[in-house]
Structure formats: structure tokens, C-alpha cells
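Okay, got some structures for you below.
Look at the two complexes coming up: subunit A is in both, with subunit B in one and subunit C in the other.
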Partner chain A sequence: MRIQKGIIIVILTLFLSGCWDETQYKDLTIVPLIGIEGEEGDITAMFAFPTFQNGQIEYSSSQGKGISTRAARSDANLQTMEALDMAHLEVILMSADLAKTDFAPSLDMFFRTPRNRITSYMAIVEGDMATYFNPPGKMKSEVSYFYPELLRTVVLYSYGANFTLQDAMKTMFDPAIDLALPYLQINEETGIPKVVGSALFSKQRYTGITLSSSESISSVIMANKINKYARITFEWEAKQTQITVNVMRVKKNWKIGTDTISASYDLDISVEEYAPHNLHEKKKREEVTAFLETSFKEHFDAVIKKSQEAESDILGFGRKVRAFHSGLWNQGDWQKTYADLPIEVEVNVRMKLTNIAE
Partner chain B sequence: MKPNIEHVKKLVYETDDLFVKMIDWPFEEGIICYFTTLVDGGELNKQLALLKRQAEAKTQNWAISAASSSYPYTDDKLQNLLSLGETAIIFPNANIIVAINLKKEQARTTDEPENEHVITGSHEGFIENKDTNIALIRKRLLRADFVVKNLYTGNKNSDIVTYAYIATVADPQLVKMIDNKLSAISSDEFFTPGQLIEYMEEHTWSPFPQLLVTERPDRVASNLLEGRIVLLMDNSPTAILGPVTLFSFFQTPDDFNSRTLVGSFYRLLRIFSLITAIFLPAFYVSVVSFHSEILPIEISKQVKLAINEIPYRPFLEAFILEIFIELIREASMRLPTPIGQTIAIVGGLVVGDAIVSAGLVSNLMVIVVAMTAISSFVIPSAEMNMTIRILRFPFMLGAALFGFFGMVIGLLLLFIHLLNLRSMGRPYFSPVIPFDFTRFKDIFVRLPFLRFLRNGKKKGVRE
Partner chain C sequence: MKFSLTPIQFFLIIFLLQTGSVFITFQTRLLEGAGRNAWVVFIMTGILHYLLLLFYERQHSRFLPGPFVLLLYKMYWIYINVLSLSNILYSLAIWLYPNTPSIVLLLFIVFVSFYANCCKPDTIINLPVIIIPAILIFFFSLVFVFPDLEWTWLFPLDLKDVELVLNGFLISQVTVVGAASFLFLRKRVVSDVKMIGWPIAIYASFWFLFFFMSLIVVQLFFPLETIAIVPQALLYLLKSQKVNFVERLDLFFLFIWMMWSMITVILFAFLIRLVHAETNSGKQYKFNLLIHMVFLLVPPFFATRDRLEMLREPLVYLHLTIVVVLPIFVFIKNRRKTI
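Entry: the complex of A and B
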């Protein structure tokens, strides 16, 4: 009797648990790349995906229009052979025009389904979305493969940090820090998409101001979010040479006063490229270090200047201010406060490696 | 009625291999009878000469020698002695039987068992003669507390089951329980070790073997030293060991002969193979039917490419291939070795390749099933091996119906079952539940023989 009861309970558990959500993998189309443009209420979404025919992988894309991203996806579903599945989404491209409006609702869809990845990368593109799906230049690989690899490189070489969907949304809705996403343009010469820097956001909107790629690296160094490499090249006009350094370690120290901030950085660097050699001489080393300190400071100042211009606190000074300096925080809208705050940058460089035995 | 030649013949239904003649003896005429097929005539003559000399000397126990003894005469006893292969000399006036035990031995050599090879260590194996088998064990356990007990079981009391244990190590209650259980067996059928195991096990319907079967004397000896009991039957090279736990089936004598690190690695590998052998097809089925999102995108493209044009559901696909592998295995086992190998090659390579190009099964599924099959063959015990291979089918079904959820439900049922199992009254899932850390770690690694090391350290000597 007890065994019968047990069996009935097990069977009922199985049938009542509602796990009938079988989705045969062969009936799905995996979408690694999605592009969203338009404006709230009139969204156009583009999907790039591999198709599998006769034992070969080919790539195709599909477009859908609708009043929301979900509606656009449903629309695209009607024009695609198999159902579109976002579980493998690698990259979300968003047009700069949409990013300038209140675009957060159009990303809501990605958080609703537990199957969906929220670690896909986000990037902002300039101009028409269709040109990014079919670039005018001759691409060596498919777009759905190109963008994820491109953005992985961006992370690896510290051109940007924290731009997965999850991190981006978290940053965007935090009043004390602002978002910076990789910014893509079509390269005029080659006709291939290129990461040209970072798009600066203020609160939930794109400001239209971008950092250049070297400034992007500087901003990542300043936020101490560097990945494996953070290489930056300086032109040394006085000596008519160039020097490339890799920042290995960053120690930042932000001192926040009542109406001023002083940010001091200790950078451990390795020299990656320096033609004049002879860095084993102490005098030469000091000379190079001094040059690097001023150059880094120039770059850092430029980042601060641009971000203040954009009212975009991408480095997150606001977090420390909110936590420890309520007087400054309570002066009103933090982005406005930040824009007018004098910020003093100080850089100390320590040359840890010259990478050559002389 | 006094027994005579005709009477003896009738007792064995006048079979033609009975030798029965009158024999002269110092004090009266006897009847000598034996089965010519079972007794060595030359040896018998020597023994008879010895007994005659003893009888002439008229000592009290003239009938007793190293190979003979005497019993009061009954028809039953005569039948029994003859059928056991002894030679009986009947003295009708004295009403006694003198039995001489001179069996002709038909035994092969004690070669290494085919299915339990080891790389280093003893290469002896049991044979179809119980006495030789016990000798092989006793040779390894030169101690007085090694006890061998014979029991006549079954209704005709002719099937001898022997159980042996080490008196100072084995639990007396356990010994008593085994004795009771064996004595309670009543069956007219001829016994095989398999039948005996069914009588001894408590859970006949469980897929898990609850007693360890081996043909290796060294394995038996080391298990006896750990307090287990061994059951032996005549005419069978199989020794049955109990009580055991699930994890006993995953150890081989090689573990203890190889180096600690190497032994541990292979022990871990075997536990890993247990997991893949049970769960890999189920895992694959649930991934492609339910949880495709867990695949990294690079693999997912290949998976998709492989399964995109397969007409069947993954479960059916897996089922076809699993049945196919089982067929190959069964066929190659039943056929003589050279043909068996051919079948394995034809089945594995040719048909495997053809089935993929025909589009019936995806090549990924072939990889999964092949990997599963190989994993299951790693398990040292043949019975456990079968069990594991049967177990994967319910898991595949669960996965096909409910994905990972179904697998978890299956796993839950499996654990409940394992926790309920007992081997000779001892918990089957033992070092895990009830938990015992020292033995628990032995499942995964083989540590150095610590006691030895510790003693060395205390003395500050390192040899």
C-alpha cells in the first residue's frame, strides 16, 4: 500500500510540475547577434543567425518591426524558417539614435526568460543598423561571429569594461555611476565595422559624446578595471620617438574634499616598445618615467574633461561620494554636481619591466 | 536382509559404470563397489593393501586411515557414498561399510581468471574443485583462526556449500546468520552460484548485485581479513563474498599493487566512469531536447549541425544506438573469440559509420554512446558492469520526458533505493550513509598505508 502511494506521488509530481517545456534543439535557430534601432514604440530588430542545410553552416539575417523588441522578434519569427532563440545571444548592437532616447524598456525582453543569456555584450553603433549586418567592405568572417570576437578583444585589451547586458543595466540604473559602451563605426577605408571608442551615457541616455580609443583605455585604467593587457602608445616629440607601455597594476587613491576631488594613481608599467634603448641606466629610466607621468596625466585629464562635458561619471566617483560625503552628494543631481567639480589628477609611474636584457 | 551384489546393483538402478565384486578379507568376504568413472583404480589397490594389513593386525580402528572411514550399513548411506565418488566395501555380517575416498581428479590448472586480469600481483585463479580452491585461500592465510564449514543443503542433502571466515575478525552474529540462511535453503534443483546468490540476497529485484563474485584467491583472502565471509561451491570456480558495499565493486587488486598516486588516479577515473556510464546519454538527451542554452556557442553550432537533419527525437536516436551497442556486446560475448572480434569491428566501425551517413543517428550521438560504452567497461566487476548499463535506460527516459528535472527525479529514486539496500544485513551504501570519513575518502583515493608511515616517523627512521 505504501509503495503504491509512493509511486502515485512520484508520478503526480512529474506530471504536475509543469516541466513540459521541451524545446527540441533542432527546431530552434540560435541567434548570436541582434541589432535594435528605431525609437520607443517603433522598434526595428535585426537578427543574424547561422542556418544549417545539407551539413553546412550558412549565415542569414532577418528583420522584424513592432511596437516593442518582443513584437519585432515575433514579427521576425514569421519570416524565419525556425523559431528564433535568444539563449545564445552574444552581442546586442544598438543604434546611437535609439540610445539617445529612453531605451531601457526595449531591453526588458532579455531579462524575462530564464533561458536567455544576460552576459551578452552591448555596443552602440553609429548610423544605419543594416550596414552593420551587411557591411560594405569585404568581411572575412560572418557578422554573427565577427562582433562577439571583436568585443572579446575589446575586453582583453582593456578598451572597455563592464559592458555585458547585466553589468550595463546595473550601472545604468545606479545614480552614482554612469555607463560607457563600446562605440562602433564603419571604417571609411575598409568598409568594415571598427571599435572607435566608448559612448558616454548620462543617467539612462547616450549623450552623443564619445571617447577615442586611447581615451577609452585611459578611462579603464582610471577605473582600475584593466584586463590582461592595457597598452597605450605615446608620441615623444622632444626625442622624436614613440613609447608603448603596458599597465600591469593600478593603485588608485581618490581623496574627496568638500568641493574638490583629487585622484592620485600609482601605475606599474612594463615597456613594450621603446627604440632608443638603454633603460638600464638609471638616469634614462627617470627621464622616461617623468615623461610617462606627464603623458598619462594629459590623457587622464582629457578623460575627466570629456566626461564632465557629457555629465557622465563613468569612473564612479559618485559611489564614494554617496557613501562617505553626504554633504557633497546632497547638493542635488549628482551628474550636474560632477560636471562642475574640479578634479585634480596625479600620476606616479613605476617602471617594473623593460622586457629586454641590456 | 543382508546386502548382496544384486541388491547393490538395484540400489543404483543397474548402471553399467558400477564396479561391484566380492572381495576376500581377513575375517569375512566383503562386497567392493564403486563407480569406475569416478575412482582411480591404481590408487585404490594400494589403499586396499594397506587396509588389509591393518585388518590382519586386528586393531580396534583398522578401517580408519587418511583416506578411509567406516559407517554402519544402511541403503541410503551406501547410495550417498557411491554418488559422492567414494569406494564402499560392505561387510554384510558385521553390517558396516568401509568408505575409501579416492576420487579421480578432473581439474584444470589454476590459471588466471579470464575476466579478472591484473597487471601486477598473483595470477592464480580458482578452479572447479572446491578443495583446491580452499587450499589456495589457506595458502595465503596461514593462521589457525581461518575456519571452513561445510553444509549439505537442499532436500537431497547432496549439494555441499562451504563457507569460510576468519574467526577472530568476522562478526559471530554474521556467521550465525549465514549458517541459518544456508541451512534454511530447500531446493531440489542443482545449484549454481547464481542461484545461491539469489537465496542469500535480500533484494532479488534490485538491479544492484549485493554480493561480490570473484575467481581470485588473493581477492578472497584480503576480503576475509577485513571480516567478510566467503561462500564456495563444488564444481564452480566462483567465490561469493559478502557483506559488501557498492564501492567494493570498483576496486581491483591492482589498486593496492600500484603506486599510491597512480592507484588513486585510476580509482578516481573509475568513479568518473560510473558517472558518465549512467548519465552521459541522459545528459545529452536533456541538453538537446530541453536545455540547449547551456552549450557554449562554438559547440552549439556543431551540435546543431549534427542533429539538424536527424528524423528522430534524441531519445529514440539514443535508444537505437544503445540497443545496437548492447547487441554487439552480447553477440561478441556468445561467439568464439576470433569471430567475436570480427563482429565487434564490423558492428562498431562499419555499421557505426554507415548509420551516421544514412542519417539515422547523429555523429555526436555515436560519440556519446561510444564514450558511455567504454566507461561502463572500465568497471572491474562484470555484474556491476551489466547493472550500470541497464540503469542508463530509465535515466534516458526521464531525461527525454522532463530534461534535467527528470534526471534529478531518477537520481533521487536511485539514492532512495541504494540507501534501502542491504548486503547480508549491512548497509550497502555504507561509507556515504552511514557516513564514515576514513572509509569515505578510500572511495576516491588510495592513500599510502598510513599506519606503516606513522610508525616509521615515530622512530625517526626512514628505510
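Entry: the complex of A and C
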């Protein structure tokens, strides 16, 4: 019994010695926003983080340089009071120039380190990274708070889909689909960063071609990845009016032939804005529906055209081709095959709600 | 050792012995080995597992191994426990406790196992009940990832590549490692229960569903090209989920897995003692202490990437010998004796 008691005491003593892996907030600084630019082997990283000064939370930023993102962080650590911690990272901004190179290794420290969050949003920025950390315009909130909320809005309003770190890395490594990330510019009028569309990637590299914001929504609808809202406004020149619709539900049907693709979409929509107010008449509803079908088709065709120019299969036709059409898949490099493939789009619109009660 | 098992206790113990040491790791290795064929290969393994259990059930009365065969089983289970503990230490060092000395974690696990094995058998045979809610939580956690699954990743299949299929089949055998315990525990089940028919079919189906679901979820969540670079696929896909009730779903699940593994270690130690008691009468305390000293001292040596792989390498071949070849050998030997 004495031996047993002794063993128990030794074990309890071990528990009293504290937790080796305890991490205290006073020893580190949580970084919610990071910006990466440069090229592989010469990375510059900017970090935004909160600091406590005079009893208030203020946001500060720091910059580091190194041969990798981790080395750049180590460099930045030498200029901050506490070590920078990436465990709660919310947004990764990447410069367009870096995105045009083989940038996957720059993200490895975020993607594979078990402690790090992999649900952080990713976005591409045009121009100098420092401008996005200190924008010329008057911001209503700190950048560390601004970008996560901005990109959450992008998801909520279906301007983009699948652009968290883990989605992006999975998409990049899958040869049957290509990546599209939100694209940011500094608004010339306001001096505030703005999402202007989506950057198209081809085989892990940014192509330099972007979709506009309305094309981005169209691409999300075409991939059937819509979130809570997917609103598009069309100009109806013949009637000299505008019409805004919200896509409520998408049913897609892709038919892959030996050397063609036919993509058919059934869209359930609600009319959000339509000044003539004549949708209580069935004939008018049919007229509006016909106009919407033509307009959606034009938008969808534009997305296909641009993605083929960029050799970027952002909709993921390649996944179905690889799974069930080996002849087409084995023709060679899928991105090249996709770029030359005739793709026929067909759209059927069902007006489910006019947003006007009887 | 005197104790008896109800059919539910019996199947629950076998389920833990089969799942505890491998259910978190086998998906990655199977997908690496068999590619997109993995799910078809595992259906084959599921059918063979069912046939193996039927075979065991029909022949178990003839399973009367001699001291040498019993020694082989003891050595095999000690090896399985050392492998499990090394794997636990390695996984915890990566995911949860990179700075905590492995001996501290090991001391905690081994001490609990030692203490449980000092208690009456009734204590141990009821331990798996703790895991029942964990099984439900496990299935529930996987449901979160359903919207992220990509169904086209099931195809194309390449079943003509015999080497790929065979390789996958061998790797998938790790899910059957604890099956030999059936032969030792079956005689402890209350005698008036018939196992042939629904009981074995239900157990084999549940076993299959458990492993198959975890495999399918991993296969449909990760492109095949990324599976090799992800540290622990099952934990990783849980980590990628945003839920409101917990910041990191993977850490929540990791604690469940630790508890699961700990009970498996206890059950394997119990099996070793059970087999030892068949040829050695008298006090089991010293033997219990001895095997737990082995569990304490050996695993830290193997808890590195290279050594763990070295230790894991012979598992499939040992398993096939112990779970298939050796029982057949014992059945044939005893059949001749009976004739």
C-alpha cells in the first residue's frame, strides 16, 4: 500500500507542476490580419494587431522581411513588444504580384500548423500592401476589424464563395478546378479599400484577369454556391428601367459531351426592385421573366468567356469530366482543354416572388 | 479470472479493440495506398470481416491454443499497445501538447490502465459503456462537413490496377486488428445466446458503417492531391468547420479520441492478463506491473516519425498471421485431435 501511495503522490506532484503548453495572452499578440507581398524567397509580411494603451484598445501594425512567411514573422517579432501569434488569424491579404508566382509555400505555415485557424478569409489586393494597412481615405473602423467584416459581407451577399484558407488550398491542389479570390482595390474617390470582383487563378497562379462584381455573383450562382442573398440588378434599356432580383434557389444540370458542355440552369428568383409595378399582370410577369432569362444568359456567357480566356475552370466542370468522362479528361492539360471547349449555357427563370402582396 | 459477458458487453469490447488504435489514422494511409479505389476496397474488407466473424463463431469451440500460441497472442497485443501508445504520443505532440514531456502524458495513461487492471474484471468490462455517447458525438461531428463534400471524388475507379487494390486491401486490414479477441472472449459470453444470424450481422454492419463513414467523409473532403500533406485528415476536416458552440471542433474531438484510446489500451492490457492467466495460476499483480512498465518505457522511444513508421511496418503481416493464419492452424490441429 505504501508503494501505491508513493506512486499516487509522485503523479499528483507532476500535475501540480503546471501545464507545459499553457499560452498566456500577456506573452503574445493576437494577429487578426496579415498582408503578404514580394516573391518566394523574399517575402514581406505586414501584421495588424491590437495593443492596450492608456486602458484602451488601439490597433498597430508591424512589418517583417524574410525568405519565407515564417521568417518574416520572426523578423517582425523583433520589432513588437510581444510575439505575434497567428492562431486567431481572420484575414490573409496577398499582393497580386505574389499571387502570380508559385505562392503556395508562403501559405504553408498557416495551412498545416495545427494551432492555426484555417477558416481565415483570403483576398488579393492590387498595388502596395502598406496602402491597405493605412488607407488614404478616412476609415470608420480599424483595418483589423474592417477586412473580416467586409469579406463576411462578400460571402453573405454571394460576391464570392469558397475563399477561406482551407477552401483555397484544397482548390489550388485539385487539378480539376481553379481558384477565384475576392479582388480589392483602393477606391479612387473615397480612398477606402473596395471589393471590385474576383481574381481568376489557373493552376495555382493568378492570371491577371478579374471578374467584375456582378460577374462574380453570376459565377457563384453558376457554381450553385449562393449564400443568404444573391442580388443582381439589370438595366432594361427597352423599357428604360432597372430590375433587381434575388436568386433564391439554383438547380444546375451539366451535360458533358465528347467535346462540348451544355450547362442548364433553373433559377428561382424574387423581384426586389422594379419601378413599373405591373407584376400583378401575368403577361407582364412573362415578359419580365423572358428578359431575365436573356440577361442571366448574357451574364453567364460573359463569365464563361472570361474564365476561358484565363484558362481558369472556376466552376469546376473538370471535376465531373475527370470522374465520368475520362476520354475528355485525358486529352491533356485540363485548363487548356477547358479554354477551347464550346460551352452552351441555357437559363430558365421562375419568378417565385414579386414581393408585392395581392 | 472469473467473469461473464452479455452479448452487448462482448461486442462493445470488440468494437473498442478494433477501433481505438486506428480509427483516426487509417483513412489517410488507405487513401494514399489505394487512391480513389479506397471506398470499394473497404467494402471488400467489410465483407471479409463479416465472413471472418462467422468463421470464428462456427469454430470458436475448437479454439484451444497451447502455451506457445498463447505467448504469441500476448506478444502481439503488447506490440499493438506499444504501437497505439507511441501513436498517441506522436499525435498529441503535434496537435495538443508540443511542449509537454511525453513521459508525463504516458504516465497518466499507463497509470490509469494499471489501476483499472488492478480492479476486478467487472470494472473493465463495463468501461466501454463510457464510449457510447462518444460514438454518437463522433457521427454527429461528421455531419457538419456534409455540405463541403465533393461527390465526384469517388470516381474514376481504377480496379484494373491489381497492385493498387491489393495494397489498399492490405492497408485496410488494420481496421480488423482487434478481431482475434473474439476467440478469447466468446467463451465468456453467457452460454444460451446464439451469435450466428442477426447479432454478428448487426455488429459487422455497425463496424462497417463506423469505418466506412469516416473514410468516405475524408475521401470526399480532400482532393487526393492534398491528402498526403494534411497532418491528420480526420482532425483536420473537423478543424475546418466553423461552429458556434466551440472554437475548435478538432480539439473537442481530440479529447474524446484520447479517452477512446485510453480505454482501448486498458482493454488490450486486460486481454494480455486474461491470456496470461490461462497458463499461469496465482497472483497476477506482478505480471500486470511488468506489462505496464513495458507500456511506460518503450513507447517514448518510438514516438518519432521514423521509428513510428518502422514499428507500424510489420503490423499488417503480423495481423494476418495472428487473426487469420494462427486460428486456422489451431482449429485444424484440434479438429485432428477430435477425429
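In this section, the second predicted complex is superposed on the first by the 340 of 358 C-alpha atoms of A that agree within 3 Å, B and C clash if a C-alpha of one lies under 4 Å from a C-alpha of the other, contacts with A are read in each partner's own complex, and residues count from 1 in each chain.
The rule we apply is simple: a residue touches a chain if its C-beta (ideal position, glycine included) is under 8 Å from a C-beta of that chain, and two chains touch if they have at least 3 such contacts.
It should be emphasised that the depicted structure is a prediction, and the values quoted were computed from it without experimental measurement.
> Could you tell me if A:169 is touching subunit B, subunit C, both of them or neither one (first, second, both, neither)?
Second partner only, subunit C.
> Applying the document's definition of touch, where does A:190 land relative to subunit B and subunit C: first, second, both, or neither?
neither
> Return first, second, both or neither, reflecting whether A:119 touches subunit B, subunit C, both chains, or no partner chain.
second
> Considering only touches as defined above, state whether A:355 meets subunit B (first), subunit C (second), both or neither.
A:355 contacts neither subunit B nor subunit C.
> Counting only touches as set out at the top, which of subunit B and subunit C does A:30 meet: first, second, both, neither?
first
> In the superposed arrangement, which partner chain does A:326 touch: subunit B (first), subunit C (second), both, or neither?
The second partner, subunit C, only.
> Is A:21 contacted by the first partner subunit B, the second partner subunit C, both or neither?
both
> For A:55, select first, second, both or neither according to whether it touches subunit B, subunit C, the two together, or no partner.
In the superposed model, A:55 contacts subunit B only, not subunit C.
> So, does A:233 touch the first partner subunit B, the second partner subunit C, both, or neither?
Neither partner.
> Hey, what residues of subunit A end up touching subunit B and subunit C alike?
14, 19, 21
> Which residues of subunit A touch subunit C in their complex?
7, 11, 14, 19-21, 112, 114, 118-119, 164, 166, 169-170, 173-175, 319-320, 322-324, 326
> Where on subunit B is subunit A touching in the complex?
Where subunit B meets subunit A, its residues are 287-290, 292-293, 295, 297, 300-301, 303-305, 307-310, 313-314, 401-403, 405-406, 409, 413.
> Along subunit C, where are the residues that touch subunit A in the complex?
94-101, 104, 107-108, 111, 150, 152-156, 222-223, 225-226, 229-232, 235-236, 239-242, 250
> Going by the contact rule at the top, pick out the subunit A residues touching subunit B in the complex.
Per the stated touch rule, the residues are 10, 13-14, 17, 19, 21-26, 28, 30, 32, 50, 52, 55-57, 85, 87-88, 90, 115-117, 148.
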